[in-house]
Structures are given as C-alpha cells and as structure tokens.
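Notes for the one structure printed next.
A, B, C and D are the chain letters, set down in written order, and residue numbers restart from 1 in every chain.
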Amino acid sequence: MKKLINDVESVVPDALRGVAAAHPGLRVDVDNQIVFRASGPRPGKVGLVSGGGSGHEPLHAGFVGYGMLDAACAGEIFTSPVPDQMIEATAAVDDGAGVLHIVKNYTGDVLNFQMAAELSGEEGVRVESVLVDDDVAVRDSLYTAGRRGTGATLFVEKIAGAMAETGAPLAEVARVAREVNARSRSFGVALSPCTTPAAGMPTFDLADTEIELGIGIHGEPGRTRSAMRPARELVHLAMDAIHEDLPISGDTLVMVNGMGGTPLIELYIAYAAVVEHLAEKGARAARNLVGNYVTSLDMQGFSITVCRLNEELTRLWDAPVETPALRWGR
Amino acid sequence: MKKLINDVESVVPDALRGVAAAHPGLRVDVDNQIVFRASGPRPGKVGLVSGGGSGHEPLHAGFVGYGMLDAACAGEIFTSPVPDQMIEATAAVDDGAGVLHIVKNYTGDVLNFQMAAELSGEEGVRVESVLVDDDVAVRDSLYTAGRRGTGATLFVEKIAGAMAETGAPLAEVARVAREVNARSRSFGVALSPCTTPAAGMPTFDLADTEIELGIGIHGEPGRTRSAMRPARELVHLAMDAIHEDLPISGDTLVMVNGMGGTPLIELYIAYAAVVEHLAEKGARAARNLVGNYVTSLDMQGFSITVCRLNEELTRLWDAPVETPALRWGR
Amino acid sequence: MNTAMDTALFAAWIEETARTVAAERERLTGLDAAIGDADHGANLDRGFTAVTTALADRAPGTPGSLLVLVGNTLIRKVGGASGPLYGTAFREAGKTLGDTPEVSVAQLHAALEAGLAGVRKLGSAAEGDKTMVDALAPAVRALEAAVQDGKAPAEAIGAAAAAARTGAEATIPMQARKGRASYLGPRSVGHEDPGAASTALVLSALHTVAAR
Amino acid sequence: MNTAMDTALFAAWIEETARTVAAERERLTGLDAAIGDADHGANLDRGFTAVTTALADRAPGTPGSLLVLVGNTLIRKVGGASGPLYGTAFREAGKTLGDTPEVSVAQLHAALEAGLAGVRKLGSAAEGDKTMVDALAPAVRALEAAVQDGKAPAEAIGAAAAAARTGAEATIPMQARKGRASYLGPRSVGHEDPGAASTALVLSALHTVAAR
C-alpha cells in the first residue's frame, strides 16, 4: 500500500487538520472529529447534522457551510461515528429550532444516530432523523438492512440545507429532505477496488477485463462481477437499473460521481452518455454535477444518481450555497 | 488498461461532448476541440486564450468563464493543440482589445502557439503571449527547453482573467500574468504512473516502496526515483525544493494539487503538512486550493504550487470567478 | 477455579478478550473485507484498547458495574454496527448482574441472555441472518443446558464457547439478511461472518480465564 | 529507377512513410514513453493518415507543391513538438524545390538541407541535443557526399538513410537538452530519441521507393 499519509492510525485527524487550515469558514474540533460552520448556529434556523465513516471526501465535511450542513461528524475510515460526536454536534448547532439528522442507511450509522437522537432528546433538543437509501443495487425488503445511502445524500443535504436557510420549521425541513430521498436513485460501478489504510491491501481482486456492478461506497464488492465494457454501455446499464426502480422522466437532477480514483475526463465521457440516454427516455438533465463528491478512497469507478425534480426542489437546488465542495450564488 | 471511455480514438471529443452538456455557460466546438464562453467576447475586454494537451482536466476547459479564460483549445492526450485551433479561438474572442495567449512552457505548446500568434497577427489581431514555467524540478538553462509549466498555470489564468475583467489593456493583463508566473514555483511527486489511452500501459513501473520525485504533468518519470515516505516528509521535500529556488516568505497562495488518482482525504493530509512547514518559515498561506486541478490522467501523487502574493495579486485572486472548476463571488 | 466468579475474573476476561482481539485483528478485518468494509478487526481493537484504559483508570467494584463500563466504552469508542451492538450486549448483561460481588453460572447465563436480547432488540436480527446473533444465541443455549446439568463454571463456559465457535462456522453457508453483508445478496454465501467470529473469540476468552 | 525523381516518386515516398509510421507506431510511442509522454507514434500516425487523405483529395502537380502540402498538413494535424518541426522540414524542403517537375539528387540534397535548417531555426536544437536533428543532419551530410561522388539517386539516398539510422542510434548515450526528454536530465541517457527514430524511418521509406 502506498498512500499520502503520515500514519495509518492518524489518517482522520491529520486530514481534519488540513480541512481546518484550508477553510476559514469552518471550525474543526479535531479531537472529537466534528466539523462546524465557523459562524455558529443562527437563531431560528433548524440545524442540520450529518456524518458517517471517513473515506468519502468531500462528503460530509466538504458540505458544511451556508446553505447546507451546520455540522458533520467524521468516523474512522468506513466506520460510522459514535453517539458522543453526534450528541455534541447536535447540542452545538441547536438554537431552539431543532436539529435534523441526515443519516445514510447503514446499520452502523443508523444505530449510532439512533442512540444519539434519543440522548439528545432527553437533553431537550428536538431531533428529527431522515434516512437516505437511494442505492437500487440493493433489493429492499422488510427482512434486510434495506437499501444503502449513497449519492442522494448530497442532494438531501443541499436541498434540506437551502430549506433550513429560509427559516422553515423542523417538520418542513424534514419533509423536503424525505421527498428528495424518495425521488432519488443511484447505481455504482467499480473498475478497481480501493485500499483502506487499516487493511493495507485492496478490498477485492479484479482482473483487467472485469468490473463490479452495483457497488456501494465502502470498497465492498458489488452485486455481480461482469465484463468490462465501453463507457456508454456501462452508463446505459446503470441508468436502466435506476429507471427500473423509479421511472425516469421530465426534468431531473443528475450526478455523475467519481469514486475517487477516476479522472474527470472519464466522468465527462460518462456524462455525455447519460445525456444521450435521458434524451432517448424523453427526459432531460435540468441540473447536473460531474465530479468526485461521494467517494470510496482511491477506488476507480463511478456512480450515477438521478433525482426527479419538481419546481420546489429545483428552486432549493439553485439557492446559494457556500461550502468547500459546493459553491454558487455567493 | 481499464478506462471509462468508449474508444481510444474518441476520448477527447467524447469528453468535450460531456463538458458541453454539463455546462450551459460554455459553448463547445467539438470538431475543432475549442471551448468558449457561451456569452461570447465582451467589447473592450482583452481576450484570454489558453490550451494544451488533454489529460489535465479540469485544466484548461474547466477554467473557461467569467473572471478566467475566454477560450481553451484541447489537444489530444498530452499533445499540444495545433495552430488552426488557436487561430480560430483567438479570432473568436478578440473584440479589438487584443488577446493574451497563456502558454505552458513545453516545446510543442510553445511552437504551435508561436505559429498561431504569428498568423493571428497577420490577420490583424494584437496578440501577446505569456509563458508559464514554474516547475523547479527542472533546472533552467539557456541550452535546454527550460522549466515546465504546471500548477502556476491556474494562478496565471485566474489572476490575469480577473485583471482582464476590469477592462485593463493587453499590456497590463500580460504584465500581471508574467508577474504571477515570476512569483510562483511548483514541485510534483508521483506515487504511481498514469496510463495514456494510446499507450494502453503505465508510462513507467514503480515498486510499492518507490516514488518519483520532480515529475511533470505528462506521466513522465521524475528527476529521481526515491523511497516512499510519510506525507509530512514528502511535503517538506517539495517545499524545500521550491524554497531553494524562490525563498518562501510572507503571505502566499498555496495549491496542494492532486494528480488525478489521489483521493481528497490524502490531499488534506498533505495540506496540513504544508501549513506546518510555512509556519516554520515564518510564512503563511493567505489563500489556498486543495484538490485535483492540474492532473495527469489517473496518476496518483500530488504537486505543490506556491505563489508569493502582494496586495494586487491577492485582490485579483479574490475577485469573482465563475467557471466549471473554480467559482466564488457569484 | 472456585465455583463463583468475582470482579477480578471478569476483569481478566476483558483483558484476555482485548489480547485476543488484538492478536486476531487482521483475521477479523480480512473476514470483513470479504463481505463488508474491512474494518471489524480495527473497530474492536480500538474499542477494547479503550476499554483496557478505562478499566485501568478506575477498576469498578462489581462484575455488573464492570460490564456496564465495558459496554458504555464500546458504545462511545467503536462506532460502526458492532459498537452499539457489542456495547448493548455488555451493558444489558452488566445491568442484569446488579451489584452482586460474585456471579454464579446461572447468573452468568441470565446476564448473557439479557445481552443477547439487547442485541436482538437493537439490530432486529434473527438467527440465520448471518450476524453475531448466530454465535451468541447458541452459546446462551449451551450455557443454559450446562446450568441444568449442574456443570461447573469452567466446563459450562467451555460448552458455551464451543457452541459460539460452531455457530460462527455455521454462518459460512448462510446468505446475509442484516448488516453490510446483506448488500452482497447471494455473494455473501461462503464467508464466515466477522461479528460471529469475534463473538466466538469473546466467549473463548472467558473460557480461558475460567479454566485457569 | 531513372536518375531523376518525379512527383509520382515523392507521392510514393509519403505513402511508404505513412505505411511504416503506422507499422512502427507502437515502437515510437514506446520510445517516447521512456523519456517523453508516450504519444510520438500516435502523433505521427495521425499526421500521416491526414496527409494521405489530403494527397488523395488533390494530388499536387510537382514534387515541391507536394512536400509543401505534406508540411502544411502535418502542422495542421499533429500538434506537439513534432508537428511544427516535421511540418516545417517538409515545407522548407518543398519551397526549395520550387516548381521543378523532376528532382535531381543535388536538388534533393538542397531541399533536405533547407528542411534541416528550418528545424534548427524553429527548435534551436544543435546536434548532440538528442533530437530529430541528430538523425537528419548526418543524413543531409551523407547525401551531400554522395552527390560529390556522383552516386546514383538510389545509392545516394541509401547512404543518407543509413546515416540517419546511425544518427538515431547515436542518440542513445546522449543526455537530452531539448524537448521533454530534457526534463529527465541524466535519466534521459540510455534511450533512443523517438523523433530521431522516426526521422530514420522517413528516410528509409524514401530509400525503399527510390530503390524500386
């Protein structure tokens, strides 16, 4: 394993020190691994707290700032943070209007946020939780852990964040967050595995002719292993998987997301294929993101997330945002 | 080789189609591989044209827009564009105030831009050219091709772009562009080679314990091969190489740039080390960028670019910019 | 060993667990790499290292308070799925023991049963879902049987540890329905569940100290 | 072959060059991967493919106009360092031939000498800098000597092609002072310069058709 790190044990705090130094708009509690807006909570504004395992940068710390999150809790690589972090973040961002927890649907994240929400509630903070579960590669069912939360997390954080800035009440912010999740689906493809510092070796082996279809964002293998194909075919395959679960039509918000090790030039090639595909379906990408936003360390590959927009979601998406990884309108 | 592409022969046009679809603020001439601002030239404003081989995304197309470039010419992977493209771009963005060519110092780029500048001049366009040559890994000398242009290209495009938006004359825009280059130095380190679609195999072999020091942005080996070290030591080594050539002091603009395959979490770890190092030198990073900006396809590694700021450069850096890869203030 | 277990023995159990988890860290992470996200060994090692420090800081006076402290520390330091689950198991077990200074095998069984119930409630996993439950549940049953047969602690705990190991191995052919492994669907078959494997380690650590 | 070279022969030369460049594409790119950026084969192949199309569109009437068209096409299609350099070489050579319908060996020498001068002027590389100049310059000298000795075209051109190949091989021990390879400093030693290698190909292509 060759990584630009100082020590396998200090990867997360070392990176958080860099985040703190790079972004004056953020306040970073390195010991507790929590990233806050430097400006602190705003009276009357609902607080947004998210978090999860590290290794998905810029998610979540890169989305803390005006128009998105108020705080993000960083766990170890691919390990959800602990309740203490969430409780502290929740207390710090609450200014009476209550706090929304944005939780990716993984057993670890769910259980830890659940414990934190209970204890925060006992401490008098009004907490609502929103589960993000957009990954169609995982069949949902009552008896399983359900679908994973992946790319749609960014959409939920941006749109709920914009709603919160308008001074909307907690119930309203939670409502729109759930609507974004309900209207969004994702599918991911890996061209290579990733290597976690702790394991020190690739999470799986893949021949030069093979790919993994239906991967998540934790270096896990996908639902199936398949033969490498041209970008256009891989994109159509992902779009069909999404369409099968939630028919794509009308105006959409589309993200072609890199897994961390795939260069931007390739993501643009994929995006060109996405637009072709949407046209065939009579739909269009009214808004888009192309880049590395929800990553899996150094994995090569991509994921596509499609959200069916309506007038309200489009307006909230376009609202000003000022975070390290997403910025427009100010 | 496993890449998210359709065909080795169509990598650049396929990617440009994606750029066109993703960014309504751009107009893309896919056949001639030129990216323009959709808004066209502004009367009285000096036009900025750059370009170079592809494979460095978001450079250059990602920096076309308000406050930066007016047009970017894309060559084949790692191959400078041809004079025809530059001549057409130059004519299209000129509105009487003249055009600045921002040229990275490589024989190919220099010769092609030189021919284009001559012919554009014959067609009545006032053209000034600025050479970017910031890479300290290459010893400069009268008898060689001189230093390479790497990370400082972004600084020159941003700051000269901001100057051009003020309506400053060509000579003034060229002056500040040259000043940025004169005050900037870079050094790069590769943890892995990259693979060009044409070659189909890594540009060099590197053991799991080895790195290349003093690399450029074309997958070429560096000045020396060395043993892998902790991020902190690699950063200090790069900073010392820069300092040796241009003493670092006072307020600086620092970019920790990923080579394309290195995840953001590692770049933040490197940035934390950069800030430590600056403090030791009694200098500070008044402004910074951390991310993948001037890449070398899927290469893993990083480069550091330091620019010694003054009041004017700081003001122009802070001025509003609206491009696909760099955006603030609007 | 005498027939009742005191605070020192429980402290020794946790110490031995920390030692084996550290020793088996790579293997557990390897199991998790196959069907999860390659961090289970690192997670538990981090957790039990923190537990060791916590116990060194202030050694609790009773087996019950000791297990509660272990549980709270795991919840506060591990994260992931295993943190809350293992934490809850130890907390519930500890609470069941109350402040008794010495624990009989019957009480131990009641405690572990409470721990299992806590894990079931929190994670809503049933046996056969390919989780730690598939190791803990048979262990609790084996302990109950041993109590009925009036077996001595060491022997009873040995039976429980053996049942946990068998239960962990039995997860290999299972298709996961809970946790990350469930995302793999049919591809989760053929691998031992990391959490079940670590549960077997925790119980064999108890047997090691009980047999001294 | 008759002692003078007509337009058909120059057309055949370019055709043969396009064929060998395509055949040697991987080798040239490999040489460039070692000390450059792994695109020289692709660049020249793209260029001469475009040249072939251009010549098919409108076959020029004289050797001179043909070489000028080749040069302009290379400048317009290749890019990189080799585009302007090769383009200039062919342009200058063509201009020197004027509109003569048949080219003598002496005229060919004058043309290649003009091409070399153009490359030198544009790239300001001297012999020993490890560039195409190290293949082209000795070829031009060899041709001049052959003219003095009154050698027949095929033989004279054979000598030039041989000198180019020798010159290309002689770049192996050199440390590059121009082009990308110069960035490698001492590490550029031990590799053949891609542009010198391709220049040798271009001249051996001329020999192939001249010897027919």
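The rule we apply is simple: contacts are C-beta pairs under 8 Å (C-beta built on N, C-alpha and C of every residue); 3 or more make two chains touch, one makes a residue touch a chain.
Because the structure is a prediction, the values reported are computed rather than measured.
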item: Chains touching both subunit A and subunit C, listed by label; value: none
item: Chains in simultaneous contact with subunit C and subunit D; value: none
item: Centroid spacing, where centroids are CA-atom means, of subunit A and subunit B in whole angstrom; value: 29
item: Inter-centroid spacing, subunit C versus subunit B (mean Cα positions, whole Å); value: 55
item: Intercentroid distance (Cα basis), subunit D paired with subunit B, Å; value: 32
item: Touching two or more other chains - residue numbers and ranges from subunit A; value: none
item: Where subunit C touches two or more other chains, by residue; value: none
item: Arrangement of touching chains [line / ring / star / complete / other]; value: line
item: Contacting chain pairs - touch in the sense defined above; value: A-B, A-C, B-D
item: Touch list for subunit A against partner subunit B, complex; value: 1-7, 11, 14-19, 21-22, 54-55, 57-58, 62, 191-192, 208-209, 211, 228, 230-232, 234, 260-273, 275, 285, 288, 290, 292, 295, 297-298, 300-302, 327-330
item: List of subunit D residues in touch with subunit B within their complex; value: 29-30, 33, 35-39, 41-43, 46, 75-85, 122-123, 129, 177-180, 182-185, 187
item: Subunit C-facing residues of subunit A, complex; value: 53, 75-84, 106-108, 111-112, 114-115, 137-139, 143-145, 148, 196, 198-199, 203-204, 216, 218-221, 223-224
